[in-house]
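Have a look at these structures, which come just after this line.
Both of the next two complexes hold subunit A, though its partner changes from subunit B to subunit C.
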Partner chain A sequence: MKDVIVKFDPQNRSLMERLFEPPAIGKMAPFTKVAVYSFLAIWSFFVLFPIYWVVITSFKDAAAVNQGPNFIPFIDFQPTLDAWRINFTADPYCDIASIARQIYLLAHNSVVFVLSPFVSLQPMEPQICKIYLAFTNSVVISIISTIFCVAVGSMAAYALARIQYKPKFGNIMIFVLLILVVILISTYSGIPWWMSSAVALALFFFLARSIGRHFKMSLGNGDILFWMISQRILPPIVVVVPLYVMFQAVGLLDTHLALILLYAVANLPIVVWLMHDFFANLPIELEESAQLDGATRFGIFWEIVMPLTRPGLAATTLLILVLNWNEYLFAVFLATVKVQTMPIMVAAKNTGEKGVLWWEMCAVTVVMIIPVIIMSVLLTRFISKGVLLGAVKG
Partner chain B sequence: MTDNPTKASVRFDGVQKSFGTVKVLEKFNLEVQPGEFLVLLGASGSGKTTALRILSGLDTPSAGQVYIGERDVTQVLPKYRDISMVFQSYALYPHKTVAENIGFPLKVKKIPKAAMEADILDAAKQVQLEALLDRYPRELSGGQRQRVALARAIIRRPSVFLMDEPLSNLDAKLRGHMRAELKHMQATLGITTIYVTHDQIEAMTLAHRVAVLEKGVLQQLAPPSEIYNNPANLFVAQFIGSPAMNVIHGSLEGASFLTNGAKVKTKVKGQIPKAVAGVRPEDCDVTNPGKGSIRGQIFTTELIGDHTLVTVNWGNDQIVVKAHKDFDGKQGDAVGVQLPADNLYIFNETSGERIR
Partner chain C sequence: MSYNIKNSQPGNSPAGISSGDKWREWCDRHAGSFFIAPAVTLILIFAIFPTIYSMVFALSRVRFTGDGLQFRYVGFRNFEKQFFGSSEMHFLGRTEPVSILGMIIFAVIVVAVFWWLYRSWKTASWVRMLGRSISAAMAIFLGWILCASLLSGNSIGTLYTTLFYVLFGCAVQFAIGTGLAFLCSQPIRGKNFFRVLFFIPLMVTPLGVGFAMRMIADVTKGPFEPILGLLGLQDWVWSASPWSARFVMVICDSWQWIPFIFICMLAALENVPRDHVEAAQVDGASSFQIFREVTWPQVVPVAVTVLLIRAIEAFKIMDLPNIMTGGGPGSSTESMTLHSVYIWRANDLGSSAAIAYLLLILTVVVCASFFNYVVLGQIRKART
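Showing the complex of A and B:
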């Protein structure tokens, strides 16, 4: 009995015990510590090395790349600015002023687009070198679609978190049925689509009020949420051809609007799914109290709910921003010339006749990585904990 | 802020509420006088919070009407009811300062900033918060947060004040202090107040009238003294009073209550084979063994400070007696307990109704 007690005194522990047992709760045993930190070190090496390789490759010339893998500048190879020079000076209009001109062009052409049904104005033609064009395109498209997506998505998520929806199953079936009828009629009878849709819509409201309300089965908010996220389960490649045809039909191919809309819609389910959780976890008393104090639903959303979900909002925004920034598949189909984005630019360095221009590709990649790093640093400052401290706990 | 508070009466008219098949509130009728401090008292699940939420408009009743003043507000949105509410959790906005929290009801009304600041200071002074206006809720203690919630409620001078267990998150000492402040404030402002609590001491000390609820049914509506001295039924009798009223099972025969070999004279008369006698610990006396209505042994004694609680076993029953603080009986000592005929409440055991 006495031996056992002595054994547990710190100074009497054997070497093995000292190595493998944590000295206190909340601390790691020395052996575990070594194992964990070595694993982390190796992991970081694997994560960081490709980035290092990309950066040094952008300072290589063709010869240095073709010599095989060498990693230490000035010793293995002589760094040069060739790749950067080709990307940034080879094309005409590679001055900073052309970026300003491009931004003006975007504003001008949007006005032209909006006014196009009423006034016929001539859109401006871009005068800018490829990499600046791709960069401004990427910035404009990903920022606008992210703002749009997060704004609409969080409102939808808030509604789903706080309002109980009970769409009747029968009504949904009636709706789907009417859509099918509209498609059939407008395809085969020659009646204009808008006319048949209007009739179908009126018919839907009538049927929903008369027949639909006798249906018992209804869906709940969980079903709606799952329906939304199920849109993302589909691999995007499946829908890319129909999307191409659709955008072609409405004449939006190779426009910023097409990519902005598409990115916003494609990422909406993610925003709704993520933000729903943040909203659902807010103490409802805050909103009830604001309601009693006389705030409107929108007032509550902007004044109370949004500031309190700021960390979630920042995290979601960052995620969507990065997804949009890196998007390749939709862009490669829908953006042929004028709205090429950075990923397309990177891929374009894999030329047919000259092979892969690794050094140029790496220079473009570096340009593409930098904004993401800046964004992450800026937005992680908002991803702080303890926003809700002092709200409801005594 | 107006100097003449608008006092409004409140009326529940046959209000029912059920969640699915669970009936939370059944045919609830209640009239609150203008300027009255009414406490809804009940255990958790008694429907008291539901009644308050229905009055606030955060819940809608399944049936029945709610009136504030002469106005039927059953279908009116919360913000048009001219009420303010203090939540159990305080529900302070953590990203706003104390001043912004207090001023929020005015801000949404788009009241000019200068007028708002004067009102905020005024409301803050009422609850002694004027030094903390720039702090955030997380920098405040529990009692201070409670005051912010109060200030936010009084700044609008609503016609009705609702409070949902506002003191239950405070520690015992602070609770006593805030209780006194609340009572003083309500008396000063004269605003009709409906206060929900499960704490009978809060109910007794604060209320002009107490409404005792159990299982969605109003058990008794009366001033605190009446509730204490004249409970309408067995539930109210057992719920009010600390320590709780002693309950003795037996039968009523003529003018005496028979139990476990003992016979006590009663004021009421009747023939009830299954009756319950309730007697408050302070109305009983410990007597020398062989005397008194009941003979038993001391189970345990507890010195409370100004008195001693003596638990006496007799047969299979127990009775708690409030004795003098110098009582020096030991566990197992034989004693007698004197039951008072005057303060013996007799209830029908099956219905719980008081026999008068």
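Showing the complex of A and C:
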């Protein structure tokens, strides 16, 4: 005990001790402090430098880029707005009116699409310059897809946290077998895919009702949860070629709907995983008392559970929004002309006849990454409150 | 019941019998199905069905014709091509000649794997034994390719390039990310500022990262040109040699993914009770001892989970090599995803699907093995 007091006595210490020993428990020694802050400063530089470089390059002209590295605006080179002008104002239809028209077009065309089985209406043709088209597409697709994904995912996550499911193992086997049969029949024979799938679906319900009762082995909620989360392991490249063919078959290639659905499914595992953790940690007593008062499951979910998980919900939504905004592989296969998203648009700048025009590309890249940087700052606020990382702790 | 319905007039109906209530009750009874059906349906249609359908592609020769695709069944020809045929160089790399060193190391690997299998022979059930055999087969296959290509001084294919990105990338990112998290978990000022700042790269569009890195890594116009000049490396081009190109890929990938490890590990480190650390400090332990004996054992479960998630995402890498080198020089920076995309562009859909399937098998076996033998083990150890 005596030793300890002497060791942390701030008065009687030599210079070396003052430099290398902490002055009090829970504080850092001066030398450690300098080391820690310098490491953090170096890393901050590493983090910021690429972003800084992209931003300043977007204000350079051809000469300033090709001369070699120029680091500081106004000293090393004279900043210009040329790259921004070329991308955002030079093309025809690059004004607010065109954007307004594009937004109206999206609403109009989606109504037309929904009504298309009943009424034949003419969809509008887009009349807007490329960059604004890509931007509006990206915004619309990522927002709708995020809402859809979070809604579907949190419903499933809530159900898995609160309701007992017992799917029969045998029924699942029958289902997989029927999928196989449908695929083989519709690829190697001429029967249309919708006919064979309808027959197979009917057959499945019949078999599940008749044979299915006699199966003993059944799975639990944990298995379903694991199955849903493990879909994230699936590399997108495995499914993208068949999806291309599927969307072509139903005429949804190069539409917003295709990308919205795909992005939602790609991020569903994350939503289920994160939201399940929030729901499982909620006290169940509240829901039980509501049930006694005669509330339905939907009522409980919508009016009691969702408001309670609001921070978690917001954080998950932000995360999915960012992931949707950044998605590239699905878009490159399935969005060829009309629904080009920002990443596709930027990637298209990579291959020019005159070589890569760095300054133009940087201007587009800056526009692409500003929204995600804002969202990531917002997201960190949730993370520092401890939301979102509960799931990792397993 | 029938009596009630007969007497129910609009206006004075007995409780719970009106058609709206019936509908409501029916909905509530089937709420379980309604809640989970959308998610399950979506996953079945857009994940499970295409995965199975992809097998048809992999087993066929696919041709574009006037009215859609035409499939011709060719058996495992597409897979055979990757292992023994025309694409062998591309996928596996050069596997001949095998050097003595390679053979010796392969023998060691085989002995180790069989020893591991033999040890669990008595205790494990047959399901576990099956799982272990699959892991062991994958380990022996990967070991053979490693010994025959890399350790014999031959070039490696997209299989090992992907594994290099995953293994080396995870190691680098984990080391730096954990280090940063440890620094930030010290009592410093501006912790939240650093947290926000260090988190940003993770969220930046991978494609944008690719472009930024491509500009920065440019040896004539990029910011490193003066530094390279000082070092006398004006003529050095990283994209000309396979290994330096791969290392640059990993460095750029790390810029994006270190924040993920950082943010998760920081949360884990902050969860370690402060008084445990301070008690150790009072007892006179050095900071390294404190980290090894007090902090580390408490964060291991999180660490392995985070590594697993990172590895799963790392297997899908494609944007960076696509933008920065286009897979070159030759095909030395192509990941398997990129390999598959390029073959798709060349209209060989069958081989493309075959490679995608091989990637799926590789990912599932490696990640499942890691999950079963490392993550679950650590979580169990932490619980007891």
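Just so it is clear, the second predicted complex is superposed on the first by the 303 of 394 C-alpha atoms of A that agree within 3 Å, B and C clash if a C-alpha of one lies under 4 Å from a C-alpha of the other, contacts with A are read in each partner's own complex, and residues count from 1 in each chain.
Convention: contacts are C-beta pairs under 8 Å (C-beta built on N, C-alpha and C of every residue); 3 or more make two chains touch, one makes a residue touch a chain.
What you see is a predicted model, and the numbers here were worked out from it, not measured in a lab.
Contacts of A:54 after superposition on the shared chain: subunit C is touched, whereas subunit B is not. For subunit A, the partner that touches more of its residues is C, with subunit B and subunit C as the two candidates. In the superposed pair of complexes, A:322 makes contact with subunit C only, with no contact to subunit B. By the touch criterion defined above, A:75 reaches neither subunit B nor subunit C. For the contact definition in use here, the residues of subunit A common to its subunit B contact set and its subunit C contact set are 296, 386, 389, 392-394. Residues of subunit A that touch subunit B in their complex: 283, 285-286, 288-296, 299, 303-304, 307-308, 386-394.
Remark: subunit B residues 56-58, 78-79, 83-85, 87, 89-95, 104-105, 108-109, 136-140, 142, 145, 152, 156, 169-170 touch subunit A in the complex. Within the complex formed with subunit A, the residues of subunit C that make contact are 24, 27-28, 31-32, 34-36, 38-40, 42-43, 46-54, 56-57, 60, 68-69, 71, 73, 180, 183-184, 186-188, 192, 194-209, 211-213, 215-216, 220-226, 255, 263-264, 267-268, 271, 274, 278, 281-282, 284, 287, 301-302, 305-306, 309, 312, 315-316, 318-319, 323, 336-337, 340-341, 344, 349, 352-353, 356-357, 359-360, 363-364, 367, 379. Contacts from subunit A toward subunit C in the complex involve residues 3-4, 7, 22, 25-28, 32-33, 36-37, 39-40, 43-44, 46-51, 53-54, 57, 65-66, 68-69, 71, 152-153, 155-156, 158-160, 163, 165, 176, 179-180, 183-184, 187-188, 224, 228, 231-243, 245-246, 248-249, 261-262, 264-265, 268, 272, 296-298, 301, 322, 325-326, 328-329, 342-343, 346-347, 350, 358, 361-362, 365, 368-369, 372-373, 375-377, 379-380, 383-384, 386, 389, 392-394.
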